[in-house]
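Below are two complexes that have subunit A in common, paired first with subunit B and then with subunit C.
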Partner chain A sequence: MYRLDKETGKQKFFAGDGTKSVISALISIFIGMLVGTLIVVFVGLNSDGISAKGILEGIKLIFLGLFSTGRDGGDLSFGFNVVNIGNMLFRATPLILTGLSVAVAFKTGLFNIGAPGQYLMGTAASICIALSVPTSSVPAGIVWVLAFCGGILAGALWGAVPGALKAFLNINEVITCIMTNWIAANLVTWFFDKSNLKNMTEAGKVGYTYKTSVNGVQTPGLGLDKIFAGSQVNGGIIIAVIIAVIMYVMMSKTTFGYELKACGANRHAAKYAGINDKKNIILSMVIAGGLSGSAAALYWLSGHTEFYWSTYQALPAVGFNGIPVALLAANNPIAVIFSGCFMSILNIAGMQLKTLTAYNEYITDIIIATIVYLSAFSMMIKTIINNVQKKKSEKGGEK
Partner chain B sequence: MVFLIQQTMIYAIPLMIVALAGIFAERSGIINLALEGIMIFGAFCGVLFVRIMQENNVFTQQQGQLLMVAAMAVAAALGALFSLLLAFSAINLKADQTIGGTALNMLAPAFVLFFINLLTHQTAMGMYVGDAASWFMIKPSTFGLPRDHDFGFLGNLLINKVYLSTYICLILFLVLSVILYKTKFGLRLRSCGENPQAADSLGINVYKMRYAGTTISGALSGLGGFVYALTTANCASTGEVAGFGFLALAVMIFGNWTPLSTALAAVLFGLFKCIAATYASIDINGDGVAMLAQIGVSPYVYRLLPYLITLVVLAFTSKNSRVPKAEGIPYDKGSR
Partner chain C sequence: MPEYVIEMNHIRKEFPGIVANDDITLKLRKGEIHALLGENGAGKSTLMSVLFGLYQPEKGTIKKDGQEVKIENPNDATELGIGMVHQHFKLIDVFTVLDNIILGAETTKFGFLKKKEAREKVAELSERYGLKVNLNAKVEDITVGMQQRVEILKMLYRDNDILIFDEPTAVLTPQEIDELMEIMRGFAREGKSILFITHKLNEIMAVSDRVTVLHKGKCIGTVNTKDVTKSELSTMMVGRPVQLEITKGESRPTDVVLSVRDLTVPSKVHKNDAVRSVSFDVRGGEIVCIAGIDGNGQTELVQGLTGLEKMSRGSITLCGSDISGASIRKRSVTGMSHIPEDRHKHGLVLDYTLEQNLVLQKYKDPQFQRGGFIRFDEVRKYADKLIEEYDVRSGQGAVTTARSMSGGNQQKAIIARELDRDAPLIIAVQPTRGLDVGAIEHIHRQLVHERDRGKAVLLVSLELDEVMSLADRILVMYEGEIVGELDPKKTDAQELGLYMSGAKREEKGEQ
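And then the complex of A and B:
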């Protein structure tokens, strides 16, 4: 519902739906941070090992962890830290993509809780291709492209399973996604257990695969590694942003995107209007799976991370964290870039907390979970904003 | 054989009780995706309670059974409290239940690991002294008998090297199943998951019933989480329960939302878990040959079979599955 200004005839800034989403996201973030701060204060007051100064430092790091430069003569020092920002961008890359994965499915009315499984399948495919195609006979660049596409394809196939079950048999995608997640976790562990990609040469690396850089396959830095010297950043973040823009164009400027959204709004109405709802549901999950797969590919192909393959009892957190990223962004692909970076900033703040104070990194996970919990009733926040506006306009009318 | 049955029960009991938790929530109309999270939270609370009691010497090792029952009660109570978060968002605020459940699933491990890390500076928290077997397991010495006393086949099966929690959970399962099907309360609860509007028109308070369903669900999953930690993880909390909450969800679906089939499904899935964990050394007919290891099927097959079977069963029974009709839909008095 648009509210137009009486005098200018333009849409009021606070009345736009996008603005409301941003406001409710900001409120969620604010309350989440507040909960984190309260826990830090509460724990600090109740434990002997943490002084008032320690509490203050904990709070400072939650909010400004990205700009932390360590300790300077006993006190925390803050400043422009290129290593932190570079690492933030590197960690944001998979988060943006899993966030997009959840967001695209959401637009089609599907809750893609299967991102962790799709991410794992993408991981297995891209690491396998990157390590087993010999770079002595095939140029490393081509191997990289093959591995990247392989990751996307594996994720897409894995996403297609719940999509097909939903489309043809109308089985709740949440249940099938959970099942496929754990099947993927076991399959991937099984695959690496039998493969020769396990790191057998370095002691202390039991359970890890080789880095893809062993075979010379590595995401190019595209100059970012020069700007943020000493950090893990590479060209992956640029690819992620490009993919986000493509998703935005696809969802809001093409017929296909319109059909997807129509299926999400009302599957039966869309069918009545002549849209092939089954095809669109499957395609939506395929795209979502492909995005999660690309998240895995970009993360592991960086060349300096090793995959802990014995993962049959745990699912990757980055898959689940796609959910808060998408929720915070209200499923807008462009906004996902920013919410992905925000999650990654929280991650960095968590690591600073762990190294610099008596607290640990899990406080940021509590903040993220609180944000997810709050976004479950973002509708309510929007209604409150609407009511406030109504009251204001009523008052204005009386004058 | 005795070993196989006992091991299977160790895995099946938490699955059974947590699947029943799922049934209670879903039959009242609330999708409880947070089973896993509440289990993690319940396990943490129970273990923390045991630790604190041991630290302050409230219970001696001879009173281990008493301590265990008290810890189970604490885990259940705090699990119920934790599940109120889900009930509040799903019932009062009419929020999306899957997102609310996911939030709890993310909150529980974060919260638990945060405190474990503060308390122990590690990623796991065990008992203060001793281990689960010496404190809580029923052994010949519990009855004042010598260590190698032989109870006979049935005795060995039922009272040697078992946990009292197994029987408490079995009794709870029976009692609650009867309540769900044979009492006024149970009928009302189930009606809220099928047709809340009709239930409301007959004077049933749908909100209250759904709160009851979710709270019972929270208590059972908290209890199940602690029992899991006690019997399979040596009474330690690590911020995860190895996907047992999700497996319980699969058990519930496999059991078609009814207690009896769910119990059977739990035993079946428990058997798979047990085989996957012990397949290399398991000796079914007692001829000294580890048969399953010789067949050469990878343990990962047994681990993923429960999930795969659930998928297949869902695919084949989707037409006549007994999903509670109103589950996942927030109850709004105004709509019809």
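And then the complex of A and C:
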């Protein structure tokens, strides 16, 4: 009897849709890491500079890069590395927020591929405010808040453009997002080119803005900088987590979220029910844009990041990486916190590969790319899980 | 010569979680019209799809002329002479009638089309069976009735002698239905065998020789049509006695609830107005029925009334207040319930759960939210109450995804939601479309009950039976105008049909 009970318990666990999403995400990650490993092996075998030991080290770093503590003697050493973890959390902050940006839009039936553009507009606004408002007359804390809100607002406005075009003219948001991305890239380049925020003082630096700490504006550490001493982490990660929780509550507990999701799932039925579908589509994109803007603000207001403003030829990867973060999390705002951290861990692993071995950091990009592909297949993986379950239950029935 | 042209023996077809066909045996004689009767979800379409090669059965055999055959895809079926007219026509709108008929079976020489032979053959067939079509017209320009004749010609052109008709009369006027029946009898006389899927008892009695009844995937039996009555058939089909004719008392109209004057709604497809200067009143305690063939402006009329589309002219007064320019929510709150025509497009958010759908308009009521936060316990309580009261059946109760529910229960959920709002005006558009006799009876009774409670009911229906049995007054729409107001007690289906097809109209006067 005991065994039977245990089995039904297991079946219930696997039957949940949430569980299946988690499992399919884990499978995607696993296969992605495997592909990364294979590439490490192939690259190693084909280059003279990398020995068998080098290959092994590369593989170790892909899986354990976060816990790398450098080299001890000739060998890689691993252990609890507060600097790595702190840096991981710092880099996870914007990823969580752009991930939320994409996830919230997805939940309301919109594909926000415009996160890079919204991120850039948020960047420009927050850096501009943080460097221009004199901290001699306005307290630095207030300037920080102004810059943070300015970043959100700029991102939100930039998100509103594709939203409005979709709502009123029914133009596909993917197309308008791509266009607004490049408009943002050029606009931002032009703006900084004409501004006096360019860093001209440090020799050899071309195309960077000043750090916001030049004006004394910098995200408070909230104790995290003490815990993870020597790393870049600050209170931004806490703000990102709070925002994720707020998004979760908003989407699943409030009438506002109910309306947004209804518009996303069936615009016609929402309209039939008296919900203002146009308003809600615009609001979805405004929220998504604001989230991307906040990602930018928290990254650039840290005080030790310098923005390379001559960005007209490239869009920020952190904007696009919001898509795999959201996909891995199956668009659940709470899960986005974890998938954002995971992406950031890969990022750290990439840096460790670069500094400690003959490999470069692009291997982690391949892992991310593989995971993105597989995330798109998560439906298929779910189906496979279903089929395996069905077969198992059939076998059990025959016994 | 074997007795049966087609034998389907002990067919079993399963889908995940459901047995769609359970040990069904169906035998078709040469030259007979054999009706297949059953509720929605009884397994009729599945059985026909098995015969047409779209599904493979888990168990059972199919015999053609006594020989066992394996039908693995529709091409096999065509080779065996089995043809099917689907409920939703499979025609290419921008092709001509002739091109549609020969598509897939073109006569060619050195890879070039030889349409002349094809044209002669089709013309000959059309002559012989009285299937009037214009071979050079594009499908998009011809009537639905003619499109159906094209589908029939497609089967004949392929020399099919076993013809499956899947609910062929749903889109036709009474006159066209009569014509179709005559055509079917002609086929039977020629020795062709016909399988006729339907849930309309009148048609079965009129045209079929034998009837096989399915109920919940099981075969209830095969009977000779002349040995049974309509009520016996419906009892077999539903599994319990059904009241076919709705009994309703005299209507007692009270005050005007809805008053429409000169309502004009532009069309989305063409430049003309879809609804042209329509005026009428609906009073409390009466069912006013808008009758007409599909596509004569009924949809746009309702969209104009409910606010889904903007009207270009006219005025609408509901419960004494002018709602001509009001938002959808304003209209709804003023006192309008709307059972929409398309339950998947407008009626439900299919990815939402049943309970979320049941509060689709009410989620903002203080009962269901506090400070913008949804009161999930109250929503659940309310949903459970409606599910109980209106007998909405689903896999997991209130948390079932609407998408996974059967069509009948989806409709029940919409009706529960709309009637429970207790609005003085109920606009019901084809509320029984695609539903089975049992569910139809239930919905009809509810509408009459609402009328007797003093509600004004505006019913838009394409089903003449429904119009005749429910309406207290009938307004016939033709090409966007109301061409006649009829009293169902003083008219019959024939006269109604004449108005619907535009052959007859009242001179417009003050009503």
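The criterion applied here is as follows: the second predicted complex is superposed on the first by the 387 of 399 C-alpha atoms of A that agree within 3 Å, B and C clash if a C-alpha of one lies under 4 Å from a C-alpha of the other, contacts with A are read in each partner's own complex, and residues count from 1 in each chain.
By our rule, a contact is a pair of C-beta atoms (placed from the backbone, for glycine too) under 8 Å apart; a residue touches a chain by one contact, two chains touch by 3 or more.
Worth saying up front: this structure is predicted, and the values here are computed from it rather than measured.
In the three-chain model built by superposing on subunit A, subunit B fits alongside subunit C with no clash. More residues of subunit A lie in touch with B than with the remaining chain of the pair subunit B and subunit C.
Contacts of A:Phe42 after superposition: neither subunit B nor subunit C is touched. Touch criterion met: A:Ile175 reaches subunit B, while subunit C stays clear of it. In the overlay built on the shared chain, the residue A:Gln313 is in contact with subunit B alone; subunit C does not reach it. Of the two partner chains placed around the shared chain by superposition, subunit B is the only one that A:Ile183 touches, whereas subunit C remains out of contact.
When the two structures are aligned on the shared chain, A:Phe30 is found in touch with neither subunit B nor subunit C.
Once the two complexes are laid on top of each other via chain A, the angle at subunit A between subunit B and subunit C, using C-alpha centres, comes to 80°, given in steps of 10.
Superposition on chain A leaves subunit B and subunit C with their closest Cα atoms 5 Å from each other.
Contact residues of subunit A toward subunit B in the complex are 39, 43, 47, 111, 113, 165, 169-172, 174-176, 178-183, 185-187, 189-190, 193, 312-315, 320, 323-324, 327, 358-360, 362-363, 365-366, 368-370, 372-373, 375-377, 379-380. The part of subunit A that touches subunit C in the complex is made up of residues 253-256, 258-259, 261-262, 265-266, 268-276, 390. Chain contact summary for the complex, subunit C toward subunit A: residues 16, 306, 308, 327-330, 332-333, 338, 340, 345-352, 356, 360-361, 363-364, 369, 372-374. On the subunit B side of its complex with subunit A, the touching residues are 31, 33, 85, 89, 93-96, 98-100, 102-107, 109-111, 113-114, 117-118, 240, 242-243, 246-247, 249-250, 253, 298, 300-301, 303-304, 307-308, 310-311, 314-315, 318, 323.
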